[in-house]
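Below, subunit A partners subunit B and then partners subunit C, in two separate complexes.
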Partner chain A sequence: MKKILQVALGIVTSIGGFLEIGSVTTAAQAGASFGYQLLWPIALGTLCLIFLVEMSGRLSAVSKHTVIAAMRDRFGFRFYLLVLILMVLVSFLVLCAEMGGISLCLQMSTGLGFPWWAIPVALVLWLLLWRGTFSVIENGSSLLGLMTVAFAVGAWKLHPDWSSVASGLIPTRPSEHAAKYWFIVVSILGASISPYMMYFYSSGAIEDEWDESYIGINRVIAAFGMTFGGLLSAGVLIIATLVLKPKGIDVDSFQQVALMMTIPLPNWGFELFVGGMAVACLGAALEITLAISYLFAQGLGWNWSENAAPDSEARFCTVYTLLIPIAAIPLLLGIEPVKITILSMALTAAVLPAAIIPFLVLMNDKDLLADHTNGFISNTVVVLIMLMSFALAVVSIPLQYFGS
Partner chain B sequence: MIVTSCGKKPDPADTLSSVASELATASLAGRVWVKHRTPNSFTGNTLRDSRMNIAEQQNILFTEAVPPVDTAQLRASLDHAKDMLATMEKMIARQDIKSFPAALAFFEQDAKKVQDMSDSLEKKQQ
Partner chain C sequence: MTKIDLVRDVLDKQMLDRNDCELGRVDGIVIEFPENGQPRVARLEAGGSVLAGRVGDWAKKPVRAIASKIGPKRLSPVKFPWEKVKKLGRDVHLDVDKEETTALAWEKWVDKNIVDKLPGAKSK
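Showing the complex of A and B:
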């Protein structure tokens, strides 16, 4: 019974963890600009994330090591330092974006500009990390984040032509605006395949004291949780296709996404969007902050655990205590969170190989995983999707920003 | 922003399409506000942001990225649309929901003209 409850909670956590400002903004942009044509990167990103999350949980459950600690042991300090720098830079931008997402939701519901909310949001984030335990943070925000199920309900209520929706799952070349098309593909993949999810999930498995008996549960949670999360993302794309595209609205602000929700859900669409997104972004911000703190603590051999008292792991707590106010600075300066989001998602795709290649080596290490190493399918799927996102990022980021 | 700082000339069709998108956003915001689906502050801010973005894009449209359309009509439509947006913002602040639909209808006439120009320019470029 306890394990069934854990599976249910794990799935809910995964759904809540999947949707955040990046996945919602990129899916809305995709639908508004290209209709159903960009459903395939959501499906590919979700598939890749299912494999990566399952692997992260399996590694921790079997080896009792987190991804970061195992990587440091296997590849040495210099390599760890390189990964640390890249991941901290990209994850920092994603953290700014998520804090911006919460601030934007508060702006939309109160009318007070988002820069005013940067400090209160930073304070709440820090307090939750300082006072909360891992399970409170993981499950609390995810349960509340279930309001984002409104995206699936909204899409359903608009009665899309399901055969057209299904045709979007097959990759096609764009008939126009090729640079924009591929840039959005990269952003969607970057939003879906976030390395911080791997670090957070594997650390969570250690925090929750998983062992080999959790391998099956881990598989179910990864598969169902991420699939439902991907479906919600697809829901955003479908609503944007049916509401924003016919009106010629290109998504470049969060307000446009909130507006589109009032068409399928006239009474509660706005409130559900603002509430659901604020909690989803808060959950993501907590996960990213913890993931960055884990990156430092596990690689440098410090004490770490979100369940322990701050005075027993001072350096771990110092990381997030410094990180959160620094991440609030761009928002205080009035830099538009959606712009930070789009840039951070594309950069995430560009740095994926640095996170995933060493991880795949670990996942094929018999000393760590004994009989639980990766199979051919897991390795192939992840390598192919990662290489595709990297190649597209290298080509499309310059194309988008500097013009072809 | 990065494109501008790198000295790349903005594309007229993209700029006009962006203006049309702002007008369509304002129109949608007005329509759902009339049906009491969004708060006053949110709608007021959305209309204000649209008006400011249109003014910003308008500067680019008539200097760096002049589109091959009837610019006199485009300028008139945009000026009128901005005036109507300012009027609608005031109506929202006063919660004057009775007069709002008429102002919105006037605004949408200009928005449609700009959208048509943007569509025909896109078609020409294809």
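Showing the complex of A and C:
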């Protein structure tokens, strides 16, 4: 039973990948512009994440070392430093975007502009980390995050033509607006396959004291958690296809996505969206902030644990204590969260190879994984994800310029 | 006789004290060349200055400048004689107690100057 409850770790990880401001806005944009035709990148992202997250959990369960620690062990300080710098820069933007997402939800429900919410949001985020334990964060975010199931309910209530939905799972070339099409593809993959998810999940497995007996359940958690996120993200795309596309409305703001929810769910759609997204963005913000703190602490060999009092993990806590207020600054200056989001997704795609390459080496290391190294299928998948990540890295920045 | 590959099995590994407390990572390994004798592994080192040296000579100066202005102001690296290495595995286990070393100088400085100044730091 205790092991089954660990599915919360899968759900919270998945929320950070699929149900945060970036993924939801992009999914709505995809549906509004191209209909079901862009369901395949969501399915592809989900599949890649199932494999990567499963590997992160397996590495932790068997070796008792996280992906970050093993990366420093095997690739040395210089590679670690490169990853650290890239991830801190990119994750900082994503954190900023998520804090912006929460602030926008508060703006939509109160009418008070989002810059006013930057400081309260930063304070709540910090307090949750400062006072909360890992299980509070994990279980709280995943339980409250279930509000986002509204996306699936909404899609269901609009009675989509399921055979057209299914045809969207097969990649096709766009008939027009190719730059925009590929830009959205890269954004969906960049918004979902985020390195911080792997760092968070593998650290979470250590926080929750996994051992080899978790190898089986880890597969279930990874598959279930990522599918949960992927399906809800697909739900947003389906709603956008049926509500916005026929009217020719292009999504360029988060508020439009909220209003779109009132068509399938007239009574509660708006409230559910605002509440669900506030929780999901908060979950994502917690996940990213912790991932960056883990990245410093594990790579530099500090003592770390979200479960211990701040006093006994001083450096670990100082990382997030400094990070959160800095991330609030762009919001205080009134920079649109959606603009930050779009930039952050393209940059996540650009730095992806640095996060993926280590997997191929680490997951085949017998010193770390003994008999649980990758098999042929997992290795083939990692190679394919790696090749894809190179392609994404090369095209992401030019597409950002031409496609957005 | 066990063979130890210093770069693969020791460098960059997590160092732990007698009670499995984290003491940083093996940032550097020092090999001594005595006048009349064979080179031998003298000690393991950890600290920002050692890491800066691994990035490049250019990085040493700014790191020293920062370290002399903020923090515990310890400019020399933390040193553990090779004899203190108790066990080598996925981590480097040392026969020392964290309190006997300066490995936690930054941890203590941050604790005293930042963390303890904020409310609710003592418990969870």
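Throughout what follows, the second predicted complex is superposed on the first by the 375 of 404 C-alpha atoms of A that agree within 3 Å, B and C clash if a C-alpha of one lies under 4 Å from a C-alpha of the other, contacts with A are read in each partner's own complex, and residues count from 1 in each chain.
The rule we apply is simple: a residue touches a chain if its C-beta (ideal position, glycine included) is under 8 Å from a C-beta of that chain, and two chains touch if they have at least 3 such contacts.
Remember, it's a predicted structure, so these values are computed and weren't measured experimentally.
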- request: Name the contact category of A:R315: first (subunit B only), second (subunit C only), both, or neither.
  value: second
Message: Tell me the contact category for A:D211 with respect to subunit B and subunit C: first, second, both or neither.
response: neither
Message: Just checking: does A:E176 make contact with subunit B only, subunit C only, both, or neither of them? Give me first, second, both or neither.
response: first
- prompt: Is subunit A touched at more residues by subunit B or by subunit C?
  reply: C
- request: Using the touch definition from the top, say if A:T262 reaches subunit B (first), subunit C (second), both or neither.
  value: first
Query: So which positions on subunit A get touched by both subunit B and subunit C?
result: none
- line: Note: in the complex, subunit A contacts subunit C through residues 63-65, 69, 72-73, 76-78, 80-81, 130-133, 299-304, 307-311, 314-315, 317-318, 321, 367-368
- request: Write out the stretch or stretches of subunit B touching subunit A in their complex.
  value: 1-3, 6, 8, 17-18, 20-21, 24-25, 27-29, 32, 35, 37-42, 44-46, 49, 115, 118-119, 126
Field: Parts of subunit A lying in touch with subunit B, wherever the complex brings them together
entry: 107-111, 176, 247-250, 252-253, 255-256, 258-259, 262-263, 266-267, 269-270, 339, 401-403
Task: Show which residues of subunit C lie in contact with subunit A when the two form their complex.
output: 11-15, 21-25, 27, 46, 51, 54-55, 90, 106-108, 110-111, 114-116, 118, 120-124
